[in-house]
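Okay, so chain A shows up in both of these, paired with chain B first and chain C after.
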Partner chain A sequence: MSAVNIENVTKRFGQMVAVADVSFEVKPGEFVTLLGPSGCGKTTLLRIIAGFLRPSEGTVRIGGAVVNDMPAHLRNVGLVFQSYALFPHLVVRDNVAFGLRMRGVRRREIDRRVGEMLDLVQLGDRALYLPSQLSGGQQQRVALARALVTQPTVLLLDEPFSALDRKIGELLRAELKRVQRRLSISTILVTHAQDEALMLSDRVAVMNLGRIEQVGTPERLYERPRSRFVAEFLGRSNLVRIVQSGRDVRIAGPVEGEGVPMPGTSGIAIVRPENVRLYPPDSELRADRYGGTIEDVQYLGHARIVRVRLDAGVAIEAIALSGSDWKPDAASRVTIEIPSGSFHVIGEPTLSGASELDPSPR
Partner chain B sequence: MKDGTLESPEIDSKRPWLLLVPSASLYVFTFAVPLIVLVAASFEKTTGGVTVSSFSTDNYQSFFADGVALRAVLHTLYLSFAIATCCLLFGYPVAMTMRRSGGRMRLLLLFFVVSPLLTSVIVRNVAWILVLGREGLINVAWRGLGLTTEPLRLMYNDLGVVIGVVHVYLAFVVLPVFASLMAIDPAVEESAASLGATRVRVFWHVTLPLSMPGVIAGFTLVFVLCVGLYLTPVVMGGNFVVTISMIIGDLVRTQFDMGRASAFAVMVLLIVAGLLWLSRQFGQRYGVGT
Partner chain C sequence: MTGAQNREDARGWVTGSVAVVTLAFLLLPQIILLVESFTADSYLAFPPTRYGLRWYAFILSDDDWLDALRRSLLVAAIVTPVTLLLGLMAAYALDRGPPRGRRTIFTLLIAPMILPHVVLGLAQFQVVFWSHMQDTVTAYVLAHVTIALPYAIITIGASLQVFDRRLEEAAQSLGAAPWRAAFHVMLPVIRPGLVAATIFSFITSFDEFIITYFLSTRRVTVPIQIFNSLSFQLDPSIAAISGLTLMLTIGLTGFLMAGGQIASGGRILR
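And now, the complex of A and B:
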């Protein structure tokens, strides 16, 4: 039995299709992230699960039971909004106790469980503060405690980190993961931040235009993206037209426009920048090496993103870790190496360029 | 630039009070001066138009000695409370509907709520007579249906005054309550629902407490406005409803007793001040102002 099971769910607002035929499941204790750009329907899907929107089509199951017609207050889901939506008129303790009060839990039991939960999120000493007297990070932890204290079947989080500054956000992510593991609670997180998704999730569902493009473990999505959209949404990637003969893969040219005719089967592939190696310009030229000119260098601190324009016309991004003796300079010549195994084929080239990539699995 | 505030060089920031001169002088001549005159007059004792003493508390003593004034004050407060409560009971659901509905419906409701304010008191009251009077719309219909032979007494009593005033002052509750409701993040109510609260409990534990600033503001506004009720009780209450303003009016127009009228008026002012203080105490409990 899965904690949440979504089957062919579609949601229309008038003519607009916000969620299109989405299916996925969350196993007990699993952490699943819905990842996608703004407006792709993540929040809509989450609100359907929480019971604030009705699906136009499809079935939603929570804990094995169909909940399509069940009002939100009976669904036993824990919800954390981006704005946290704490009760501004209640102190932290009463915020957390709210769900237990609604369930008619005995007074002493409430005090005990609220105390435990506040300790778990390290806010035991803030029990009598009003939300307005807390920092953003503390408010978020109260929201988490409030959602978890009722032991929901599933925890739903809508961009809970986006209102926090980066440093605090990172701390709280680790905190969320710790609490989630500790209680082994099934969780669905909605976000447009790919690093968040990769870091926290057991599985990620990448959404685009109301559809799920691909579901899988973070490693699988990063290393074997099924479509150009997934590849480009998760981390940096170079998209190139390739020719393949036997086990050898070579860059044939840019994806857009005509490729140089070459023997072998052609296709479209991605290469992650970390798999591109940089060598001095006078290095020995081999089949998997290409000459080019550095166009641009972005300094990130721990590394530099180096954009190289190959003589074949393709722009390739590579990562040069800081700390080595060699420092890439714009406009200087360089040799790059891409081993055949670093290409991940995602589709066939079409006449109209790369916009019609085949998203089917291979 | 001082303390990080932006200052526009074009504006002469040394004399900002200059802009307040017109409104401040208006305020002095229409409020401060009359108030001083009023207070001074309230301590003046006159007999047959001649000032006997310029400092006497006789006028104030007569307020308490004369049961008529005290009874009128109590009745005015009772009416004000009834009217403010009715405004709240009828206005709150209207404000909730306005919050939930879309732009068009919201405008329409707003129009209905505000329109009585744009109509003259006399026109409004005469219209009510046509509806509530002995030969008014309701009574005629009632008799036509054969439900009663006795006419319903819908006006020339407290009920008539309450109906006539609630009709206008509804707006003064609806608008602040609506503003308070609009300030509530719907996610807060949704959180409550997903924590297991039924719709009624969401309202009771979340929506209502969070809209209290509007409720208190609206209730206070209507209550305080009602303490000065004059015209509507005269028209809709006949001689059966006596408010303190009617007593004061009578002192001025038929008894020419400016001293007592002023003293009674000062008492009304003190009562209003007391009401505002009470409202503030309530407001602070719900975090309104500081």
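And now, the complex of A and C:
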């Protein structure tokens, strides 16, 4: 039995389709992330699961039971918002106790469970503070404790870290993961931050324009993206036309620009920048090496992103880790190497496939 | 640098002086009246030659004044909760209800605030006259609710507008049925608006003169009793009743505002 099961769910607002025929499931104890750009329907889907929106079509199951007609307060889900949404008139302890009080749990039991929960999120000493007296990070931990103390079937989080500054956000991610593992609670996280999704999730569902493009483990999505959208949304990637002969894969040219597939090309592939090796310009030229000119260098501290314009016309991004002797300079010549095994084919340059590969308006 | 500083200072001086003069203009007559109310003389004069509570004792033992005071308090005590409840329901419906017709309904509901009270009074006089309700508390209550309601709708509506509905959703996800979420979360959070509406309603009712004047003949409220006794003699009892009214409203306002602030640290309602 899955914790949450979504089957062919569609949500329309008038003419507008916010969620289009989405299906996925969350297994007990699993951490699933809905990842996608702004406006792709993540929040809408989450609100459908929480019970604040009715799906136009499809079935929502929580803990095996169909909940399409069940009001939000009977669904036993935990909800955490970007804006914390703590009750401003109640101190931390009473915020956390709220769900238990609504369920009529006995006083003694409430005190015990609230105490345990506050200890778990390391706020035991803040029990009598008002939300306005806490930092953003502390407020979000209270919100997490409040959502978890009732032992919900599933925990739903809508961009819980995006209102926090980066450092605190990262600390809280780690804390969420720890608490989630500890209680082994089924979790759905909504975010547009790909690093967050990769870091926390057992599985990620990448959404675009109301649809799920691909569901899979972070590794699988990063290494074997099914579409250009997924490839470009997760990390950096180079998109190129390739020619394949036997096991050898070579760059044939850029993807955009030419409307007609070039003769002899056999597909479109991505190459991750970390798989592109940089060599000095005078290196030996082999089949998997290409000469080019450095167009641009972005310094990131631990590494540099180097954009190389190949003599064949394609722009390729590579990563040069800091600490090596060689420093790439803009406008200087360079040789790059891309082993055949580093190409991941994501589409055929056929006319029917062309629409699927159209750059989506983002 | 110093030029700009000087200009700042000068502007501050002008603003400050205007504020002081305006305040003095608004408050001085009331302060003078308040001082006069503590006179022990038998005539109204400023400053009094002797001080005492003579006239307060007088109005609290005089049958006419006591009668008016009791009636005014009774009416205000009914008007306030009724207005609060109706105002809350109306503001909530305007906030959450379908957007169609919202503007029209809002305009109709707050119309009594804009219409001349003389017109309102005359209209209500006819209704009350035909239904033989002159001089009844019911008639006064109905009249006062009509004119207090717009203020209640506006103040409660303003706090509903800034109320974050995700708080209610959070409450529901924690197992609170919609009405419990509203009771345990929305009401406490919009409390400042409710407090303001309470104060406005009470004062509007206690203070109302024009419409009540149309609806009464013998059973009067405090403002009408003041008016009546003015037209026939000017003695310090009027200053005393004004002082009492002033202290009552200031006291109520202070009490409710302090209550509103202290309550934010309170526990959940059981």
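Assume the second predicted complex is superposed on the first by the 341 of 362 C-alpha atoms of A that agree within 3 Å, B and C clash if a C-alpha of one lies under 4 Å from a C-alpha of the other, contacts with A are read in each partner's own complex, and residues count from 1 in each chain.
As a working rule, contacts are C-beta pairs under 8 Å (C-beta built on N, C-alpha and C of every residue); 3 or more make two chains touch, one makes a residue touch a chain.
What you see is a predicted model; the values in this text were computed from it and never measured.
When the two complexes are overlaid on chain A, chain B and chain C occupy overlapping space and clash. Looking at the shared chain after the overlay, A:Phe81 reaches both chain B and chain C.
Of the two partner chains, chain B and chain C are each touched by A:Arg146.
Look at A:Phe24: by the touch rule set out above, it reaches neither chain B nor chain C. Touch criterion met: A:Val91 reaches chain C, while chain B stays clear of it. If you count the residues of chain A touched by chain B and by chain C, you find the higher number for C. Annotation: chain A residues 50-52, 71-79, 81, 83, 85-89, 98-99, 102-103, 146-147, 150 touch chain B in one complex and chain C in the other. Chain A meets chain C in the complex at residues 50-52, 71-79, 81, 83, 85-91, 94, 97-99, 101-103, 130, 143, 146-147, 150.
Interface residues of chain C, counted against chain A in their complex, comprise 164, 166-167, 169-178, 180-181, 184-185, 188-189, 191, 263-268. In the complex of the two chains, the chain B residues touching chain A come out as 185, 187-188, 190-198, 201, 205-206, 209-210, 286-287. Contact residues of chain A toward chain B in the complex are 50-52, 71-79, 81, 83, 85-89, 98-99, 102-103, 146-147, 150.
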